[in-house]
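Presented sequentially are two complexes of chain A, the first with chain B as partner and the second with chain C.
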Partner chain A sequence: MTIAPPSDQLVAGATERRRPVRPTGRAPGRTRIGYLFVSLYALLALAFGVVPSLYAVVLAFTNTDGGFAGLANFTKVVGDFRFWPAVLHVTTYLVIWLVGLVVFVVGLALLVHSVRLRWASTALRFVYYLPGALAGASSVLLWLFVLDPTASPVSGLLRGLGFDSFVAVIQPGHLPAIFAIIAFWTGAGGWIVIMYGALNNISTEVIEAAQVDGANAVQTALQIQLPMLRKWIAYMGVMSLAAGTQLFVEPQLLSQASNAVVPNDYSLNQLAYQYAFQQNDFNGAAAISLILLVVALLLSWVFVTRGGLFEKE
Partner chain B sequence: MPALSVERRGANLRGWSGRSVAGVVTLLFVCFFAIPIVWLLFAVTKSAKSLTVSNPFSVGTWHDLVANFHQLFDFQDGAVTTWIANSAVYSVGALVITLLVSIPAGYALALTEFKLRRVLLVLTLVVMLIPSTALVLPIFLELNSFGLIGSPLSVILPMSFFPFGVYLTYIYFSTSIPRDLLAAARIDGCTEFQVFARIALPLAAPIVALVAFFSFVQNWNNFFLPFVMLPSSDGYPIQVGLTSLLAATPAFNPSSAGSDSVQLPTLALATIVSILPVLIVFLFSQRFLVDGMTAGGTKE
Partner chain C sequence: MVGINRAIQLRRRSAAAVAGVFAATALLALAGCGSSTSSASGSYGFPEAKQETSSTITVWVDADRQAAAKAFQKANPDTKIQVVAYDGSANGSNSFRTKMQLFDRAGSGWPDVVFSTQNNDAAWASQKSGGKEAFAGMLDKGLVPGDTLAKFTAGSLNPCTVDGHVYCLRNDLAQAVLWYNKKLLDQFGYAVPTTWEEYQALGEKVAKQHPGYIIGTAGDAWTPEVFFWASKCQANGVTGPKAVTVKTDTNECKRAASMLDTLRGNGTVPVVSVFTPEFVKKYSGKVLMMPGPAWYAGAIFNNPQSLNVPAGQLGIAAPLPWKGEDKPVTGNVGGGTWFISSHSKNLAAAAKFVEFVTTADDYQVNVAPGYPAYAPAAEKWVAKQESSKYFATSLEPVVTAASQIWDGWGYGTFSQEAIWAKTVTTAVTGGKSIVELLPTWQQAIENQAKVNGYTVN
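What follows is the complex of A and B.
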């Protein structure tokens, strides 16, 4: 499931930055308890945030004997015949997923928001949200059934599309779309609930004013609601993009379930895993992890520093 | 007057067609989200044969449900029970440490002053926004050099590092606790620790529950971290255990046909069992998610 810091909180964070709220006066007791209270957290942050990142940097720039290797590890993994196909796979998946996510999450949130019956709107959100409980391996497993025409609840649909066997469904060309569908099924509901909450925060006066001016539902959505959701859409996009580059469990399980019709080095994270566990090449694994980590850090950094995303409309 | 009514009828008509398109789209997505789950509930009541031949949405028999249940929990002499117990230990263990660490840290970041406060805050924000899987292999490489791979701590400790929980707590304490209240408690003779334990902590109960919810769900569903850290089947959490079950399912792995093989309905049952605790939490949590959005909302 996706974790999202609430917009109010993002705004609150930004407010705090602009107008620092500090305890008045300097109290030595308070400073002491401050150190005491953050010490364990700081320790964990060092042990599982800072140190592993630095260690990955060290490994990525050294060889097996611990000598400085320059960019050799990077040129090795980038030159690996499996690297660029993996990049292409992950990119294709990301494009399909992100476009689908933005279009359908925003569309469904607007639709659900326009439902006037309270119970119906609540029920819809609940149905959309529930699959989020099946994350990771569980949801992939469930989708193995759905995609297997012999057992699938939608076998009619699959056969209608010309897929008569599991292997026919999971042809390599279909995989990015399949992974996108699985990710959407699991993750979209949480975002719909969040967008719905954001839509609720738009003042009814604004909407009513637009309607008095003759705007219909579609115009209201496009010209009032959508711009006000912009910040949230950007947030969803950045988070999903960062998470999507990490693709691992879906291709891993599909590879296992398909007798390697799906290769076990389909995604970049799988390739890093292969380096570490099949080839015992920790330096190569560190190099790939570092590339992925830098991508994630950049995205996170863009989001944190691009003040526009945090501004109140 | 007539012109107006014609106009209104036209608007209504357009409204109707618009609304029916909207209704169809909404229902299509209801099917998309609900069908797999509904199907799953039916599938576990069937035998392997009736799963493939009967209507996907027909009820099977009690007898087959019991048989599937036995096949699942007899798999590899009760491995599934071990995996669930492992999942519980890892998730709850990490949850407890997360709460013990994050709540005081969020309080300290919000209401006390110390060197490096700003640095820790930025670090929290940045790590919070990167996907947790991005750090898994680096953490593996680190723990491997300490020889900690395979120990339960190799998953519990990394999962306990939960910047999002610290961030939520920080926001709550810095926006929702009246400083006058804390100052009054100090004047009344409370020590700094008492101010936290007796005044701030009870007020923060909702945010503690929220952090607990997010932490538990994330820990229980975590796949990549335990998959990498725990090489032995005895140590698997249920999410990783599912891969063993999958490997023993002839329908997806023809080479596995043997005495200890798993039939499709049993695998479906395993899927349900693997998410049961999260599902229960989820049934009550939509409210939580929305609460999380407004938690400590800006009362400026």
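What follows is the complex of A and C.
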């Protein structure tokens, strides 16, 4: 795994990551090299992850003059008329996206894995992976065109669904699904490749034993492969959850592109942004960030424990 | 792997951005502690920094206003300026305010002069923010000569005026007028309407006799500024730096709303933004008339990328009054503003720059695309436009409209356009009528005003 877990997960992942460094009978030189490798990341994580987070904690509990404010910032943002709608928006989006992600990623990975033709399998993996190779914001920009019936390559489909204009497509009720589709399109390909790799890790002996016992492809998938993928799915869930609660780029770009028809306070992160830069209230913004962090940590904990992510065989 | 990293980064960047900003501000705050600008009480009505008369001034402009900086450099080669291009705070980016707040936290770094495409910047820039000195320097206490200020078109400095003091100079005006296609109108045998009632009646006639042709649009965020402002609907009655009166249940609001509902219904005022490919595709050659700001001429009608109306067809009529009202009023859609930083170390040069770009013929008449706010420049600008023979009628109505902007609609820190877009435009597209949405609109404005620290009456 070369993925650096988001700083939010530092706490959750800390115990796991520290483990390999422990000198369990290894040559001391290797340990030192390990520290060297990890030091650069640690420094950057400290400067751009931990310190800002701590600063946010300080801001969240103080007022503009730097005095202790108790929970005032939190009650203020929770009482904001935009707060609960934003929570609802992000939750709806998360549910659609996470369910879609798990179902389709696992499904597609099983499908690709069962393709016997080598070139077809490689080609499919490449195609799935391709959208993710586009830089983040630019892939969202691409979607601005896809969603506009006058410019879209799938305008026939959009019109068939009864959407004649861009504004009709981006009605508030459609947004969670739209964001979920965009996020899936940009991010799922990489996960499919990872799941494929995980499927490759399942020993062929186990699969063959199942087949000898008379299991067909579906039974093998459901009874053998899925349970053995559990940790990987949980891992995907944790990573995606953290990313999903921080929904920002899609609504922000769509808001600017639609001249604010998509509200600029759609998600919680956008609301924090509004607090910091429209209302010049960094303390309120920090309070929202902190609430997000706590919620993301709690949900991650559920995934970690339920998914058995850190259980040893 | 890269894909997932990316996907995560995509969303993380937001958090990282916020976190990064915190970090940056923390560092800047630390760095800023040592270099606090010594401020003595100044002679222009605000505490000014220690002046260095030959220092270079930093000027922030948007892409279009780089020509202004260039014109200044040509005319004043001795004044050293450093030009920084930014987005002009356009399209709701709010970058002007965002950046200044970060400089406020850092305690240094402010540019000397800033151009903004928005009208609601004086509302915050004139106010102390978190105990820090207001960004905008007061201009009417001697920094800009009184007789220069007096020559700006009447009412044009309203967006710059807070508590009776002027905090910015207007670059151009964006008064709404009634644009029409004289050739089409003559061909169909219609007269130019003289009241909003006649305008509505014309729309109903067009719908029956020439379906497909339109007499306006209601899909842009500035729809309230064109129709509701001109109807004296008090949706944005900013009465003080932190007070706003919102009343959308008045007859003035209802008449505009019901007119728009009727015309939306028969297709003559579609809910389409003029800046969409859809608009150009569907309505090129089919715009019979369109109430809209002065800048529609260059941005839409005389623009090869948009409607591309040939020379000799576009006519201009004065803003329409409602029946029984003696005097027509009109709305305003933007029009840029120039600010001088109160933190500037070279106020003289900054003032010289701002005066030049707003008043000098070298820029406002010869180069600028928009209607100048400075009246003497506007006169010459109009003469130049008329000599181009593009317009089918005299430009007189634009000049008249410039001083007819209704002063009951103010300029607060929050965006009325954003509120309209997210509450009314979406609901109308979803099938509701504007009349029934008036209370929702009111509630949305009140909510937004309150979270921005306004008291609502």
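Quick notes on this one:
Just so it is clear, the second predicted complex is superposed on the first by the 248 of 313 C-alpha atoms of A that agree within 3 Å, B and C clash if a C-alpha of one lies under 4 Å from a C-alpha of the other, contacts with A are read in each partner's own complex, and residues count from 1 in each chain.
As a convention for this text, contacts are C-beta pairs under 8 Å (C-beta built on N, C-alpha and C of every residue); 3 or more make two chains touch, one makes a residue touch a chain.
Because the structure is predicted, anything quoted here is derived from the model rather than measured.
In the superposed pair of complexes, A:Pro263 makes contact with chain C only, with no contact to chain B.
Which of chain B and chain C touches more residues of chain A: that partner is B.
Within the superposed three-chain model, A:Val95 lies out of touch with both chain B and chain C [touch as defined at top].
Once chain A of one complex is fitted onto chain A of the other, the partner contacts of A:Gly136 extend to both chain B and chain C. Within the superposed three-chain model, A:Val103 lies out of touch with both chain B and chain C [touch as defined at top].
Contacts of A:Ala45 after superposition: chain B is touched, whereas chain C is not reached.
Using the contact criterion defined above for the overlaid structures, shared-chain residue A:Gly187 touches chain C, although it does not reach chain B. In the overlay built on the shared chain, the residue A:Leu71 is in contact with neither chain B nor chain C. When the two complexes are overlaid on their common chain A, residue A:Leu226 makes contact with neither chain B nor chain C.
Once the two complexes are overlaid on the shared chain, A:Asn280 sits against chain C while remaining clear of chain B. Of the residues of chain A, those at positions 3-4, 6-8, 47-49, 51-53, 55-56, 59, 129, 131-137, 148, 150-151, 166, 189-190, 193-194, 239, 242-243, 246, 248-249, 252, 256, 258-259, 269, 272-273, 276, 282, 285-286, 289, 292 touch chain B in one of the two structures and chain C in the other. Partner chain B is touched in their complex by these residues of chain A: 1, 3-9, 11-13, 15-16, 21-24, 26-27, 29-38, 40-42, 44-45, 47-53, 55-56, 59, 104, 107-108, 111-112, 114-115, 124-138, 141-146, 148, 150-155, 166, 185, 189-190, 193-194, 197, 216-218, 238-239, 242-243, 245-246, 248-249, 252-253, 256-259, 269, 272-273, 276, 282, 285-286, 288-290, 292-293, 296-297, 299-301, 303-304.
Taken in their complex, chain A has these residues touching chain C: 2-4, 6-8, 47-49, 51-53, 55-56, 59, 64-65, 80-82, 129, 131-137, 139-140, 148-151, 165-168, 171-172, 183, 186-187, 189-191, 193-194, 239, 242-244, 246-249, 252, 255-256, 258-264, 269, 272-273, 276-280, 282, 285-286, 289, 292. Interface residues of chain B facing chain A in the complex, by the touch rule stated above, are 14-15, 18, 22, 25-26, 29-30, 32-40, 43, 51-52, 56-57, 100-102, 104-105, 107-109, 111-114, 117, 120, 122-131, 133-135, 137-142, 144-145, 157-158, 160-161, 163-164, 166-168, 171, 174-175, 179, 191-193, 196, 214, 217-218, 221-224, 228, 239-240, 242-243, 246-247, 249, 251-255, 264, 267-268, 270-271, 274-275, 278-279, 281-282, 286, 289-290, 292-298, 300. Interface residues of chain C, counted against chain A in their complex, comprise 1-23, 25-26, 91-94, 97-98, 101, 105, 124, 129-131, 219-221, 271-273, 275-278, 281, 413-415, 417-418, 421-422, 425-426, 429-430, 447, 451-453.
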